[in-house]
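Next come two complexes built around chain A: one with chain B, the other with chain C.
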Partner chain A sequence: MKGLKVMWENRAKSGLTIGLLAGGLWALAIPMAVDDYWLRILTTSVIYVVVAAGVGLLFSRLGIVSLNQIALMGVGGWVFLRLSYLLDAVPGMLIMCLAGLATMGIGVLIGLPSLRLSGLSLAVVTLMFAAFAEIVFTSIGFPTGNNGWRGEPAPGETSVAIPSPAFAESNTGLWFYVVITTTLMLLLLWVFLTGRWGRAWAAIKQSEPGAASIGIHVTSSKVTALAVVSFTTGVSGALLAVPTGSLVSQSFSAISSIILFAVVLIGGAFSIVGAVLAGLLFVALPPALEALVARIPVVLDLLGPTFNNLIYVAFGIGLIQSLIASPRGIAGDLAGVGVRLRRAQRWPLDPSDAVFAFSVLVVPPLSLALLDLSLAVDVVAAIWISLWLVHPLRTLWPSRSPRGIALIGIAVGILIGALGFLAGPWICLLAALLVVVSVNFLRKRLARRLVKMDEELASEGIHA
Partner chain B sequence: MLNCKDVVVNFGGVRGLDGVSLAFERGISGLVGPNGAGKTTMLNVLSGFVSPSSGRVDFDGIDLLSLNPAGRARWGLRRTFQQEQSVDSLTVWENLLVAAENLGSRPADARQIADLVGLTELDRPVPLLSMLERRLLELGRTIMGRPRILFLDEPVAGLPEAESLLFAPLIEGICEEFSLTVVLVDHDMDFVTRTCSNIAVLDFGRLIAYGDCVSVLSDPAVKAAYLGVSNES
Partner chain C sequence: MLPYVIAGLALGALYALSGVGLVLLYRATGVLNLAYGAVGALCALVGWELNQSRGLPLELGILIMILLTVTVNVLYGVLVAPLMAHRSAVVQATATLGLALACLGIANWYWTDKARALRLPTDALRFEVFGVAISSTQALSVLLVLVVAAVATWLLRVTRWGTNMRALAADRELTSLLGVSVRKIEVLAWGLSGVLAGVSAVLLASLTLFSAGWLTFLVIPALAAALVGRLRSLWGTVAGGITIGLAESLLAPVSGLAQFRSAAPFVIAIAVTVWHARKRTYAMRPSL
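What follows is the complex of A and B.
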């Protein structure tokens, strides 16, 4: 209990509080900002976030390339459906956990070769399982609500879909159910990652002999990682079956496991943010691209009905980009931008990370929720510009008082917001971009002065 | 006492160790020899990373060969590596903690160990450490819990002389405090003779001399093998 308390206290210092707060606000804002079609798509994305986080954990912490996670998701979904028909008096959450446990057993079983194999050989073994699972799912199908171990209707009987739970009737209810379950699963992964096991995994990733030499049981540590990841993956498979009470084998093809792995690399395998991005890319990018392309007649004419396959091109380019230019994925790049922004943010008034967090993480979802889309863009652009301007203006104009500089920043922000209000959000974004570019241009021209300023700041003990 | 009897290791057709029999007493002993003599192979056999083709290894009657590397570490047989093994993705404190957690020690003990080896600012990430600090961290990790035997594989490799001078008294102090059997493998003969009471010399997988520093260093076979002086001259 005491250990748990210490762990909690250590975590409070890290990104947990901010992550939960921002995630909560986004979760509240999204159902208000998007229509039902996109809400369903985003709900599915969130389900895949857990699977992506599992893939990322195995890869980034243990170097295991697992190409069967979607198949394991199918296992979770299958067991969930079968048990739901069998145990209709038992609450869905409990059945979900049972499905997770069943998936855990199978995941560990398939993962056992990982104790002997590594790298490409292991990836191939997991891919073989994914192909095997695809064949099994196609031939036996998913339970549809009758007797027998397969839960399928006998010839002549009609199939009965599992009744959806009351909350899943509304899209918003389903969204919150999925978000809460996903958050719990991510927290579970996080507790493992930041605790004793996570440290042991880090040591194993660095060097297996090194880990063994400080008493770490390499085998049991790897099995634990596989077990936890399989459990959460199984639960998300079950979650996938909740909205419609049925599943189809096409959702669990071997190829989708490979694509998921690629997408995790693009999003960033090392963080939860990366997993969220991967879930979005995996589920929401294909329909988004489709919607976009459908508006460009030239592309439609050029590609004809095959324009749906553009998504593979997009993923391919993304993968090459991430392998060459950003090994930590988009999430890693974003973290870098965050660090730079925070530095640029060193207020003359108060170097406040809270202001940064507020403006980046809280303002956008709040405005999305409360205002309509174009107005929300105006407001966010205006606030970001006024915050961003403070530091460059201070270096360009050192004689001004901090309050004066803040006022100028706010005035420019309001101007840009007003422009957007009058001329539309695109003009507003364009104006904001123009301000950023021209101020940066000025800053470069005054580079020598900037260096001098930084020296002065450093002598005052402030790191610009 | 750590006893090795007729240890033989074959790497394909190459004989890595050829019937080595040795007994390391409590205190600091050195294990030296020219490149490829089998020093690291010997450490790997003793710490469980290489299984010998034949032979016995026991400590005060306990058969060590029946334990796997992690089991030996938990029992108290610890080692360092030529390439130190601190985890880059963790902080100094987490590195100590992960060792403490897996070697049956408590976080409070980890803090004491940090003081003992002289590590400060424990929240720094490992890549920011100097080579000396990395070596100290690795040493700290190996003496967590209840160590009984400590193998140090070139603990001062890559350190400037002034820093390697700090290491000898530290190792002596640790050996004293935990009443350890320490086996030190190093190329730096000055460092070895300064630190060790006994020296074993390997050449081509065979033990060619074992005894106190003075007698071993004056042994003609050792001179021939280690210093490159031929018997005829």
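What follows is the complex of A and C.
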């Protein structure tokens, strides 16, 4: 608990606040910005974000490769459905927790023996469990009624779907239900990660014998990680059953566990942003590609109707590429760009600064939610341009006051926004690009001139 | 009962053959190739396509297909695997999942996941033992695994190549310092494993089901067999594979369990892992 307090008081606090704020705003904005079809797809993506975060946690913090997370999700979903038919009066959240606990038991049971052997045997055994679970799910099916231990309706009876919670009946209500549950699960992972266990995991990642020598029980630390991750995975499996009140075994195939692992590594195993990217890649990429390809008949003719399988090829190559060259995935690369921009002082403000967070994380979702798409692009472009201009303008006119520079930036931003409003978002983006390029060009010339002046002064024996 | 035993022996022999391919590569390079089934499946589909639509004779199609598995395996082993040679065994194994996904994606895209039939000329040659008809494909499988395991044992234990392979798996840098041509050894190991992958893919496709998804996941019984041999012992792997095949086949007539019989590899592998973990605990206790 003390470690938690220290973390809370330090940097993690601002990261957490910004994350929660931005996440909350995005969560508010999305139901307003997309239609029902995409909202359902994004809802499912959010459910998979928790599973992805779990896979990422195990791999990035402990080096554990667990290839059965989708199967564990199925376990959670199965238990949830079965218990929901059994316990009518109990609230769904409680049943979800029970499903999570059951999944936790199974996850630990699978992991415990092989954890003692080696990471490789854990990977192999979990892969086997994924295949085993696929067989079991296809042959016994998911509960659809309330008779017998399988929960199948008797011949002649019709299957009943579990009713959704009252406030989750509309698509938007469901979205918020899923987002809130997901946030709770992510917070649970966060609490473990920043607390005593997280430090034990960090020590184990450094060196197992070293960790053991300072009194960390290696196996039980690893088992704790497996337990927490299995719990959250089980809960998200239960969450998957909420929208329709039923599940199908096709959702829990062994290959999807492997694909999930691949997208987690591609998205970035170390961060929540990576998990969000992984959830989107896993759930939303195939329908997005389908929608895109349906508009381009040439590509459809070229690739045929089964083109979606080619995503596997991309994921496979992406998995190898992430393992070799980019261990932090896309999320890590993006963060790296932020850091590099900051070092090169291209970006006017510290990325951890509130203004940066505001312009990147708060403004886009808000404008997406409140305005229509083209107007939102205008507004975001205008604000980004005015923020971006601050630093280059300061080097161009070092003598001008900060307030004057900010005013110039805002004026240019408003001009670009107005241009976009009059001529459309593409013109607006083009103008913004033009401003960026020309200001950068001016700045480089000025910098060269300043260097030359410095050299002249130095040759005259005066040091600037 | 006897027909089930025969079918189980043949199936188990093929699991064992795949398992030997896995263990051979693992002992030679330290990479557990989880793409073993997927590469075989993709190449088998190419061979089938050449035979069916291009009218090539079946034997030539199979030969091309085996050459193709060797090529894919060697390309991966030469271009990709060395980049991860210094990483842990689990990372190296995980990377091969990328290869598996890519192969499966191509196979499902071009050929879809429809089941096909692959008839080998040996299927038609049948003979009777104790009143049970045995196809020569089945007999060939059992014979093949025994020969391959014996040859592989000899290769690893006796020959200079085998010594180099074992050295390579233990420490790549030290081996190269000793003047062993690491690349050559790797090409050999990946190539041999590719031959075994190709052969077992053809035989499995003919004896069970010929579909990319199915053949990809046939790596799981093979892995279970390899786990029984602790990823080390070739004969342990053979025994494990045959046990798994027999268990799967003998469960087929048992009503109630028949639908779960494909779970046999998992159950056996878990049991063996628990057994090994028990021993390991004693060994680990002083250090933990």
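As a working rule, the second predicted complex is superposed on the first by the 388 of 464 C-alpha atoms of A that agree within 3 Å, B and C clash if a C-alpha of one lies under 4 Å from a C-alpha of the other, contacts with A are read in each partner's own complex, and residues count from 1 in each chain.
The rule we apply is simple: a residue touches a chain if its C-beta (ideal position, glycine included) is under 8 Å from a C-beta of that chain, and two chains touch if they have at least 3 such contacts.
Given the structure is predicted, the values throughout are model-derived calculations rather than measurements.
Colleague: With both complexes overlaid on chain A, does A:205 touch chain B (first), chain C (second), both or neither?
Modeller: In the superposition, A:205 touches chain B alone.
Colleague: So, A:196: does it touch chain B (first), chain C (second), both, or neither?
Modeller: First partner only, chain B.
Colleague: Contacts for A:124 in the overlay, against chain B (first) and chain C (second): which applies, first, second, both or neither?
Modeller: Only chain C is touched by A:124; chain B is not.
Colleague: Looking at A:459 after the superposition, I want to know if it touches chain B, chain C, both of them or none. Which is it: first, second, both, neither?
Modeller: In the superposition, A:459 touches no partner, neither chain B nor chain C.
Colleague: Applying the touch criterion given at the start, work out whether A:215 contacts chain B, chain C, both or neither, answering first, second, both or neither.
Modeller: First partner only, chain B.
Colleague: Determine, under the contact definition given at the top, whether A:401 touches first (chain B), second (chain C), both, or neither.
Modeller: The answer is neither, since A:401 touches no partner chain.
Colleague: Of chain B and chain C, which one touches more residues of chain A?
Modeller: Counting residues of chain A touched by each partner, the higher count goes to C.
Colleague: Using the superposition on chain A as set up above, list the residues of chain A that contact both chain B and chain C.
Modeller: Common to the two interfaces on chain A: residues 209, 212, 217-218.
Colleague: Across the complex, what residues on chain A touch chain C?
Modeller: 63, 65, 67, 110, 112-114, 116-125, 127-129, 131-132, 135-136, 139, 209, 212, 217-219, 254-255, 258-259, 261-262, 303-304, 306-307, 309-320, 323-324
Colleague: Name, in rising order, each residue of chain A that touches chain B in their complex.
Modeller: 196, 199-200, 202-203, 205-207, 209-218
Colleague: Tell me, which parts of chain C touch chain A in their complex?
Modeller: Against chain A, the touching part of chain C is residues 32, 34, 80, 83-84, 87-91, 93-95, 97-106, 108-110, 112, 213, 216-217, 220, 223-224, 227, 231, 259-260, 262-263, 265-267, 269-270, 273-274, 276-277, 280-281, 284, 287-288.
Colleague: With touch defined as at the start, can you tell me which chain B residues reach chain A in the complex?
Modeller: 47-49, 68-70, 73-74, 78-81, 85, 87-90, 94, 97-99, 101-104, 141-142, 144-145
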